[in-house]
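The two complexes that follow have chain A in common; it is paired with chain B in the first and with chain C in the second.
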Partner chain A sequence: MMNLLEAHDIESYFDIRGGLFGRIQSYVKAVNGVSLNVGEGEIVSVVGESGCGKSTLGLALLGLQKIRSGSLSFQGESINVNDFKSWQGLRKDLQIIFQDPYTSLNPRLTIYESLSEPLLLHGICKKSELKDKVGYLLEQVELKPEMMDRFPHSFSGGQRQRICIARVLGIEPKLIVCDEIVSALDVSVQAQILELLLKLKESHNLSLLFISHDLAVVRAISRRIYVMYLGRVVEEGPSEMLFHQPKHPYTKALLDSIPTLDRSRRPVLLEGEVPSPTNLPTGCAFASRCKYKSEKCGELPQRSGLDDQSYYCHNPLN
Partner chain B sequence: MGKLLEAKNLSIALPEDGGQVILTEGISFDIQKGEVYSLVGESGCGKTITALSLLNVLPTANASMLTGEVLFNDQDLLKLPEKDLCKIRGKDIAVIFQEPSSAMNPLMKVRAQLEECYLLHQLEVNHEAIDLMLKEVGFADPERVLNSYPHELSGGMLQRVMIAMALLLKPKLIIADEPTTALDVTIQAQIMDLLDRLRREHDVSILLITHNLNLVAQYSDRVAVMYAGRMVEEAGVEEFFAKPCHPYSKGLLRALPKMGSAVSTLEPIQGQVPLPKNFVPSCRFADRCSQVVESQCCSAPIAFKEVGPQHKVACVLEQK
Partner chain C sequence: MRIFSDLTQARLVRFRKMRRAYYSFWVLSVAYIFSLLATLLVNDRPIYFSYQGESYFPIFCHYTEQDFGGQYLTEANYNNLLQNEHFLDKASSIISPPIYQNPLRSHLYLEDAPPHAPSWDHWLGTDESARDVLARLIYGFRNCMSFSLLLTIAIAILGILIGGIQGYAGGLTDLISQRLIEIWASLPFLYVVIIIGSIYERGFFMLVAILALFSWIGLSYYMRAEFLKLKNMNYIRVARALGLSKTRIFFKHILPNGLTPVVTLLPFSLIGGISALTSLDFLGFGLNPPTPSWGELLSQGLKNLHAPWITVSTVCALFITLMLAAFIGEGVREAFDPKGDEK
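Let's look at the complex of A and B:
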């Protein structure tokens, strides 16, 4: 399988300004050296708690967030990350669906207008064919074409998320970043959207980068997972192995804190303070909450493990 | 144990275009002392509005029509004058709202908002109790939190402040409306653990409103499933997860992504929840139900009947 998107050591910081002249005083290290790849036709997930930098990473990979350093390549060709023009050429191939279907559709545009805008912008089809194309797209996401003249407010959350999917689908992208696209939805609707996404992925040969904090959802949809903690990847690997034999204590803690239907297995609590992202420790960022920490944890752990499952920990679990 | 609160035949309607739209109807349940009772259902099924109606704090209190009875301490809360209700709200029955960021006053420091709990009930402010409660909900440094404005705290922290606020006056019943929906799993585990501990140590009853069935399985004693403004199933938690009866409950359980299973074994419930203006008198789940029997399901209202000990279902298939 060829790698569609390859990212190396991506860093993306937010400036904290203050003082009289608004000088930069420090940084929030949102993404702090992340490497990641997405294969063609693959669904890859990034999981982590809020504030771990997963959404910033998603935006950075699309050029929507400034990348401080690191390299990116798409379909084997490297992208000049700080050049707006080089991103422009990729907009058609790299797309994103946002978390909140309520705010990502313009309330004053009909569905037809919202869906036809990107089609015209990218020259996908002629004006005369627009109606048919929009109707076709709505059918693809299992909505009725006659809904195209309605406004977003008359749709439910699940339907709006379908519309957002249809909008992205129209310009036939190669990679779609899905940023928490089901976390605002009910379980039954969640399942509908995930099923639809898997179906479309097959029929349109899409690659997906799925960003979520919900491990059960991630497990249901992807084969490979990256776990992030405070700006860094702490573990990556096939979902099967990550869920059954996590190596990093943080992955294990995440898995243990999920409530399940099994009443004999109580969620386990994670103790300790989370370090501030403006003032990260020099060593392992998870050490302050880790049960297995040792003196070595004052140093940044190197990548270890086999090819498909790797982790960044001095005291990995067996 | 004993009954702490009993809701009888609660119905809520909103006036619209000269007529009225019925949001919920015939909701009856009771909450025992020290019990966690869960209300589950999809958004729009009426679970939040049912909970809010218990304290008569519906968003459009004047325009909405609320009928039924809410018995608490031998009095009907719905008939109580506003003045007396205010004495119960926040003191005997407290609410943890869904969105902490919009439930708190952005212009007041956390300290003032917590002190308000006492002041509103003409009690002397107990600073020690405030400190203690904040420690209880997991703040190592209460002073810093007290001196912050809501925007200076994260969602998880605000949610914990809300919980501290709700618990401050040691209520007998806590209505927790999706208390952890906006939070990460790790913080969710902390908060649920705290609520569970309070329940055990202080004998508090909790009405947990959620759409997360995993949480229900872990923390509650009894569960009621709502669909389109009606209760469709009520049972003890163990019974419910072992033997769900209503096709909608079964569907919800199947739609849940499971940790143990690999790529996609999800089974969504097809179709959509009807809008209140399209509610029919017969079974409202019929058009999405795979086992529908047209002649019985689509003609008359379905009774909410007992099918086992403490197990009620509104489905013709189970009531033979």
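Let's look at the complex of A and C:
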């Protein structure tokens, strides 16, 4: 299988400025050397707790957040990450859907205007065919074409998320980054949206990079998972292996903390402080909360493990 | 395609429901439209008459005395003509403006020294140059409203562009321009007007330009904040991810959503413009005499305290205009209050 998107050692920092001339005083190291790849037609997930940098990673992969260092390639061609034009060439193939459907649609544009804009920009269809095309797109996401003249505020969260999907679907991208797209929705609506997305993935031959904190959702849809902690990937592998045999203590802790209805199995919560992302420890960032901490953890762990499942830990679980 | 989005529509409906603001808006608009037609309504020449079978439009065309049987090639004096029996015999269907006055004409033939008290001929009396106060008030209204509207438009354009670019670009551009604006804001405005006014002629547009250059700053702060806020909205990120150009994102996606402070500030900026022009005229640094202006009338009133009709009528006119504009501003602010917007 060919890799559609390959990212190597991506770093994306937020500047903390201060003083009279706004000099950079320190950084929030949101993404601190992440490598990942997404194959053609694959669904890959990135999971991690809030603030681990997974959303920033999603933005960085689309050039919406400045990339400090690292290399990216799409369909085998490398992208000049600091060049605006280089990104503009990718816009048709690489798209993103955001978490909050309430702020993802311009409140002053009708659905028709929102959906037709990218179609015209990328020359997908002629002006005379726009209405039909927008209607067709709405049908694809199981909405009525008559809705196109309404404004976003008259739609529910689930409907808005469908409209957002229709918008990116229109330009027929190859890869869609889905940044927590269902976490703002009701559980019943979540399932509908996920099902729709999987159906569209098959019919449009899409690849999906799914960013989420919801392990149940991630497990249900993705083939491969990256677990992030404080800007770094701590473990990656096929989802079944990761769920059954986590190697990294953090992955294990994430799985253990899922609340269940089984009262005898209480969720195991992590203890200890999360280090500040402005001042990361030199060694393993998880060490301060890790039960299996040893002296070696003062050093940054190297990638180890098999090809399928790899992890960054000195004291992996068995 | 609809002209207004649902949001704007709802705000317009809310504005209409605020009776005081809504009526003030109509009164002020109608008054301004009438004042724009002042040439036809307040003038000391007939709008139309026919003389020896031919049509004449004295307000719009230049006719000499000879045209009407006089001796000279100078412009016809219609006041004399209309009392001349020979002329009246040959002329017919004379249409005169409802207020037969000219703001620039001095009525030096009146008895006593000017200013003259109100009379049947001059409803609000005359000023110290024996010019009709009512005519000057009406033309002054037209001048100061036009001035303020132009000024407001100029302020809006400058404030939106500069504030918007600052907020949208952010970073170093924002930082440097913000410092420059602070320096610019601390320049003493009145001295600049005096200096520029003494070098160049203080024309109408020159004054608008100078005032605009000093008044956009407040609005730019609001716009900067709006753009800083809106550029991180998801729909702007989506627009960027879709590959829209920066100009399109600026004007089509951010600007319409960030216009609330502009719209709510506009009526107050109008008030500011009227007050600014009036005070400049009052101090003698405004429009060149003999342009009719309220500030100049006020300063005449101050010099002629024994002629209260000048001051009283001007102050009343100024008060009513500013009050109407303030009511409109209040209503617009209420209508655009985000607390009233449903989700």
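Simple rule for what comes next: the second predicted complex is superposed on the first by the 318 of 318 C-alpha atoms of A that agree within 3 Å, B and C clash if a C-alpha of one lies under 4 Å from a C-alpha of the other, contacts with A are read in each partner's own complex, and residues count from 1 in each chain.
Criterion: a contact is a pair of C-beta atoms (placed from the backbone, for glycine too) under 8 Å apart; a residue touches a chain by one contact, two chains touch by 3 or more.
Here the structure is a predicted model, which is why all the values come from computation and not from measurement.
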*Which partner does A:S26 contact after superposing on A: first (chain B), second (chain C), both, neither?*
neither
*First (chain B), second (chain C), both or neither touched by A:S304*: neither
*Thinking of the overlay built on chain A, is A:I258 touched by chain B (first), by chain C (second), by both, or by neither?*
first
*asked:* Applying the document's definition of touch, where does A:S69 land relative to chain B and chain C: first, second, both, or neither?
replied: neither
*asked:* On the A-aligned overlay, A:S78 touches which partner chain: chain B = first, chain C = second, or both, or neither?
replied: neither
*Touch check for A:E240: first (chain B), second (chain C), both, or neither?*
first
*On chain A, which partner's contacts cover more residues, chain B's or chain C's?*
B
_Partner chain(s) touched by A:N205 [first = chain B, second = chain C, both, neither]_ = neither
*asked:* Quick one: is A:E273 in contact with chain B, with chain C, with both, or with neither? Answer first, second, both or neither.
replied: first
*Sort out for me which residues of chain A touch chain B in the complex.*
49-51, 156-159, 186-192, 194-195, 198, 213-217, 219-223, 239-240, 243, 253-255, 257-263, 266-270, 273
*Where on chain A does chain C make contact in their complex?*
21-22, 59, 62, 64, 88, 91-92, 94-96, 98-100, 102-110, 117-118, 121-122, 149, 151, 153-154, 164, 167-168, 171
*What part of chain B is in contact with chain A in the complex they form?*
42-44, 140, 154-155, 184-190, 192-193, 211-215, 217-219, 237-238, 241, 251-253, 255-259, 261-270, 272-273
_Quick check on the complex: what are the chain C residues that touch chain A?_
1-2, 5-8, 172, 175, 233-235, 237-244, 253, 256-257, 342-343
